[in-house]
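Shared between the two complexes below is subunit A, which pairs with subunit B and subunit C, respectively.
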Partner chain A sequence: MELLEADILLQLLVGGLLAGALYALLACGLNLIFGVMRVINLAHAELMLVGAFGAYVLFNIFGLHPLLSLFIIVPAIFVVGYYFQRVLIERVVERPMLTSLLATYAVSIILINIGLLIFSADFKSVPVLQGSFLVGDLVVSKPRFTAGLISLALTVAVYQFLERTRLGKAVRAVSEHAQVAQICGIDVRKIRMLTFGMAAAMAGAAGVMLSIIYSFWPGSGIDFIQKCFAIIIIGGMGNFVGAFYGGLLLGVVEAFVGGFFSTQWAEAVAYLLLVTVLLIRPTGLKGVARA
Partner chain B sequence: MPEGSQRLISFWVGTVLMGLAMLAPFGVNEYYQSFLLQVFLVIALAQAWNLISGMTGYVSFGHAAFFGVGAYAGALLLTWGFPWWAAIFHGAGIAALLAVPLGFLTLRLRGPYFAIAMLGLNEVGRIVATLWVDVTKGGTGLTLSPTLLPSLDMKYFTMLGLALGATLLVAWVHRNRFGLELRAIREDEEAAEMVGVNTTRNKVTAFVLSALIPGAVGAVYAMYTSYINPSSAFDHARNIEMIVVVLFGGSGTVWGPIIGAATVMVLRELLWAQFPAAHLAALGVLLLIVVLYLPGGLVSIVRERQQNRPDARPGESP
Partner chain C sequence: MKHRLSLLAVFSAVLALLVAPVVTHAKDIVVGTSVALTGKYARTGQEQLQGFQMWVDEVNARGGLLGQKVKLVHYDDESKPETGARLYEKLITDDKVDLLIGPYSSDVTMAASTVAEKHNFPMVSSGASASEIWERGYKNTFGLYTLAELYMDQILELGKEKGLKKIALVYENTSFPRGVAAGVKTKAKQLGMQIVFEEEYGKASTDFSSMIIKIKSKKPDMVIGGSYLPDSTGFMRQAKENRLYTKIFAFAVGPGLPDFGTNLGLDAEGVMGNTQWEPTLKLPGASEFAAKYKAKYGHEPGYHAGGGYGAGYVLEEAVKKAGSTDRDKVRAALFALDTVNAFGRFKVDATGKQIGKPAYAVQWLNGERHIVLPEEAATAKVAYPFKDWGKR
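And now, the complex of A and B:
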């Protein structure tokens, strides 16, 4: 079969890994929030779209290149997330998980529809970085390469922060056992705010990356949140590293399904994976909590 | 207020409302009749959602999928020559049949996982309806010829019947052992299991019943609009509407979804009928307020007032 030639497989693999890096960045943030406060943030993909539309606006009004607007958008969304946690999520953290599900669902509805009111339902894109380059026989698209690499770098940076710094250690401590962490003198509320801010910033960065590779509209979030759920359930809920590998895996599987069957079916892969994993292990492959 | 007289009041208020709804087509013009039909549509869907999510606490973010399945099944059967009432009947049946395996698959999962699994269901429905071009005509949609359709009055009374049926179903479940077991699952599933409640069977039964109603409503909706396509049948806004209406009115109660549906629909009509995005944003804000400040919904305000009376027994519900 011609399709099975090695360079085509390599092509799909590289494309899948690059796309997967973006998923990983998004899903790691979602998992960070879940790990630290047992809240499933249904508005996570909308936070990403805030970043994407931010890049779109900055590009169209100030002509700012998305890679530069990253330096504005990421801190801005960090601050928004930090206070968002304080004003809203903090109120539902201690309540049953369904309360926080519904609260973040409400936030996602609000964000989507404000987006629709401002930007309409047309697809937008930020057309910078076009074309591709060759590595041997391998065709690599410039925007995808850039987005994938930056996503990867950011995820690794956050991981290093969690592993190497005192503050990161505090985040992990709260994630492991909030009450004990509190007794040890960690300001759990502050850590939660920091965590949400960080996860929101990761989503915002993913949004900027999204803006240079895909076209998007305010309703694009549902596809991504679905993928994130598949990823965090495969990788284990609350497990940062698991979400990272889960993201890469989903990217690759989607690329192969898209390459051999059709891109429309690739969209359904995440859902099928999700349902399959839940069937085999109702608490996810490496779940931290039996919710 | 003693429980008996509360039931009596419920009964009479219900009867009077029902009488008014029966008479309405003779007194109002088609615009308002259409509006009422949509209110009944939302009531029926909300009660269906109430049955699974309000009673058991398993929040379904994808119930609109059953509506979409019913809409397509109804529309297709109608074009294949079935009479309209049979098309509705089968729309409900097909949605319920689909819910059986789906329920067994997803309801083994605890709350949040179920919610996650359901979130994508509507989207999957839309993808299938778009890709299965041979049957659904894909994105072009299905247009129903006017000669096949029942009159507006017929559709009106059918939708009214569905809203009534769904409400009575919830009221009935509310009173019997099955409802008690569902609420036990909501309060503490492990404890319920321990005292011998067959949780999976109960949850799946509630789920299938709650899929039956949107299936029928979807079929009537297809006849009402006489045109459906993947994005109108599998409309995510309908999920939002169901959830907000029930929580706003009072989840797990009989009257909550009715009060919620009436309030939300009147607000929509008066304030933002022309701006669907603003309508949904407003629903989002409403949901947030209810979740944060009024977890029992509007019904709980009335109930608290009653419980503050000296003659009230604590913890009783109407």
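And now, the complex of A and C:
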């Protein structure tokens, strides 16, 4: 079978890893929020689209390259997320799960409709970095390579922050046990704001990356958020590293299923993977059983 | 508490807006339609609606239909067949419209036409072309578009003429794209060409790279897509990223729209497609419509806008011929009609299927969309072969 040729396999693998890096960036943020405040942010993909449309606007009005607009969009969305947590999310933390689901769902609907009002339902894209380069016989898409690499770098940077810095330790402490963290003198509210800001910024960055790969419209979020849910369950709820592996895994599996079976199946594979992981390891790849 | 009260006020205001009844004057003729204003078919649905809206404005400026003012009621079906079916049910039973215009896309039309048939309500169906719509024995769906099965015939003939043999065929898994694909398969067999690759993809598919990698390994001479706008642009973009090169690239819908050029820029160059209509066609009122449309909406109308506009004229002629909006009389008039308007000829067979309108092939040349086939309607010569990515 010609599909088993090494260069095609490699081609699929590289494509899958690059797509997976973007999933990972988005899903890690979602999982970070869940880990720290037990809130599932249903508006996460819309935050990503805010980033994508931000890149689109900056490109069309100021001609700013999306890679440069990252430096504006990421801090801006961080600030928005930081205060957004205080204004809205803080009120639903530690409430019944349904409350936070409803609140974030409302935010997602509001954002989608603001998007529709401003940008209409047309598909937009940012035409930069088109084409590809060759590494030997391997064709590497320029936008995907750039997006994959930056996504990877950002995710690793956030991970290092969580692992190495004092503030990162505080985030992890709140994630472990908020009350104990508070007793130890950590300002839990501040940490939650910081976490949400960071996760929002990650989503925004993912959006900028999205803008150079795909066409998007204000309702594009649904496909991504569904995949992200699958990823965080596959990787383990609340686990940053788990979401990272889950994202990469999904990207690669989608590419291979698309290659060996069909693109149609590639769309369903997230959920097949989800069911499989739940059957074999109900806590997810990196999850720990917790009451 | 005060806070909550004001929230409640806002909420009820929004609710009131949502459920506000359609206010019409007693004597208005109400035309109902639903098109995609969001979702995958949004761009095309919106064009169709705007084209139809122009007819509404014109007919009212001319003193209305049968001396009555025409009023349009429209909804957004979100590109979903199930929503479309629900909305046509609402248009017929709740809004009690007098006349019906079909939705955009064969997919939604399949669902909506079933509702119209149930109520025995004739529907002028712009924006649908899959022949399976007319294979169910219905008596109330009147097509405007050339059939999906015929979309790629001229392009395949061109391929044959140039000695091409191997075709890669990709298409969305819904009615219209499947119709296009069925047509391609039949025609290819007739011409003795070979389908070396065939694959369906989902309505929400945005990533075609795995598919493209497989296509490359089959080394086809031409790629044909049964597509809409977002997937055809996505495919071309990724074809370039993955260095897929064939002699002909042809897609349904996408290349027939101005957005194809604006989204892809230079990468659109040489891509072929199909069109139902172009402003350059020698049809009564076509260029006037195009000019007025451009003045109103800021861009040239594509064929979806032309179809919406044409549907208005077909409806107008049928109602005039019937002398009323009585469903049975309008249906009989639509079956009997053989007319040419700005969109082209309208003549249907006993199932309501369009048989009077020819197909046209387009190609993107120097940043513009040109009819290249058939020659009598062409505004430019076919550029062959497609220029390799590296040589652009």
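Miscellaneous remarks
Basically, the second predicted complex is superposed on the first by the 274 of 291 C-alpha atoms of A that agree within 3 Å, B and C clash if a C-alpha of one lies under 4 Å from a C-alpha of the other, contacts with A are read in each partner's own complex, and residues count from 1 in each chain.
Keep this in mind: contacts are C-beta pairs under 8 Å (C-beta built on N, C-alpha and C of every residue); 3 or more make two chains touch, one makes a residue touch a chain.
Bear in mind the structure is a predicted one, so any value in this text is a computation, not a measurement.
For the composite obtained by overlaying on subunit A, subunit B and subunit C cannot both be accommodated without a clash.
In the superposition on chain A, A:279 makes contact with subunit B only, not with subunit C. When the shared chain is aligned, subunit B comes close enough to touch A:99, but subunit C does not.
Shared-chain residue A:131: touches subunit C; no touch with subunit B. In the superposition on chain A, A:217 makes contact with subunit C only, while subunit B stays out of contact range.
In the superposed model, A:91 makes contact with subunit B only, not with subunit C. By the touch criterion defined above, A:116 lies against subunit B and subunit C together after alignment on the C-alpha atoms of chain A.
Of the two partner chains placed around the shared chain by superposition, subunit C is the only one that A:15 touches, whereas subunit B remains out of contact. In the superposition on chain A, contact of A:267 is made with both subunit B and subunit C. Across the two superposed structures, the residue set of subunit A contacted by subunit B and also by subunit C is 116, 219, 223, 264, 267.
Subunit C makes touch with subunit A in their complex at residues 37-39, 42-43, 46, 173, 199-202, 204-211, 213-214, 217, 229-230, 233-234, 237-238, 240-243, 259, 263-265, 267, 389. Interface of subunit A with subunit B (complex): residues 40, 42, 88, 91-92, 97-99, 101-103, 105-110, 112-114, 116-117, 219, 222-223, 225-226, 229, 233, 264, 267-268, 270-271, 274-275, 278-279, 282-284, 290-291. On the subunit A side of its complex with subunit C, the touching residues are 2-3, 5, 8, 11-12, 15, 19, 116, 120-123, 125, 127, 130-132, 139, 141-144, 214-215, 217, 219, 223, 254-259, 262-264, 266-267.
Residue ranges on subunit B touching subunit A, taken from their complex, read 57, 59, 61, 105-106, 108-113, 115-117, 119-120, 123-124, 127, 130-131, 236, 240, 243, 247, 275, 277-278, 280-281, 283-285, 287-288, 291-292, 295.
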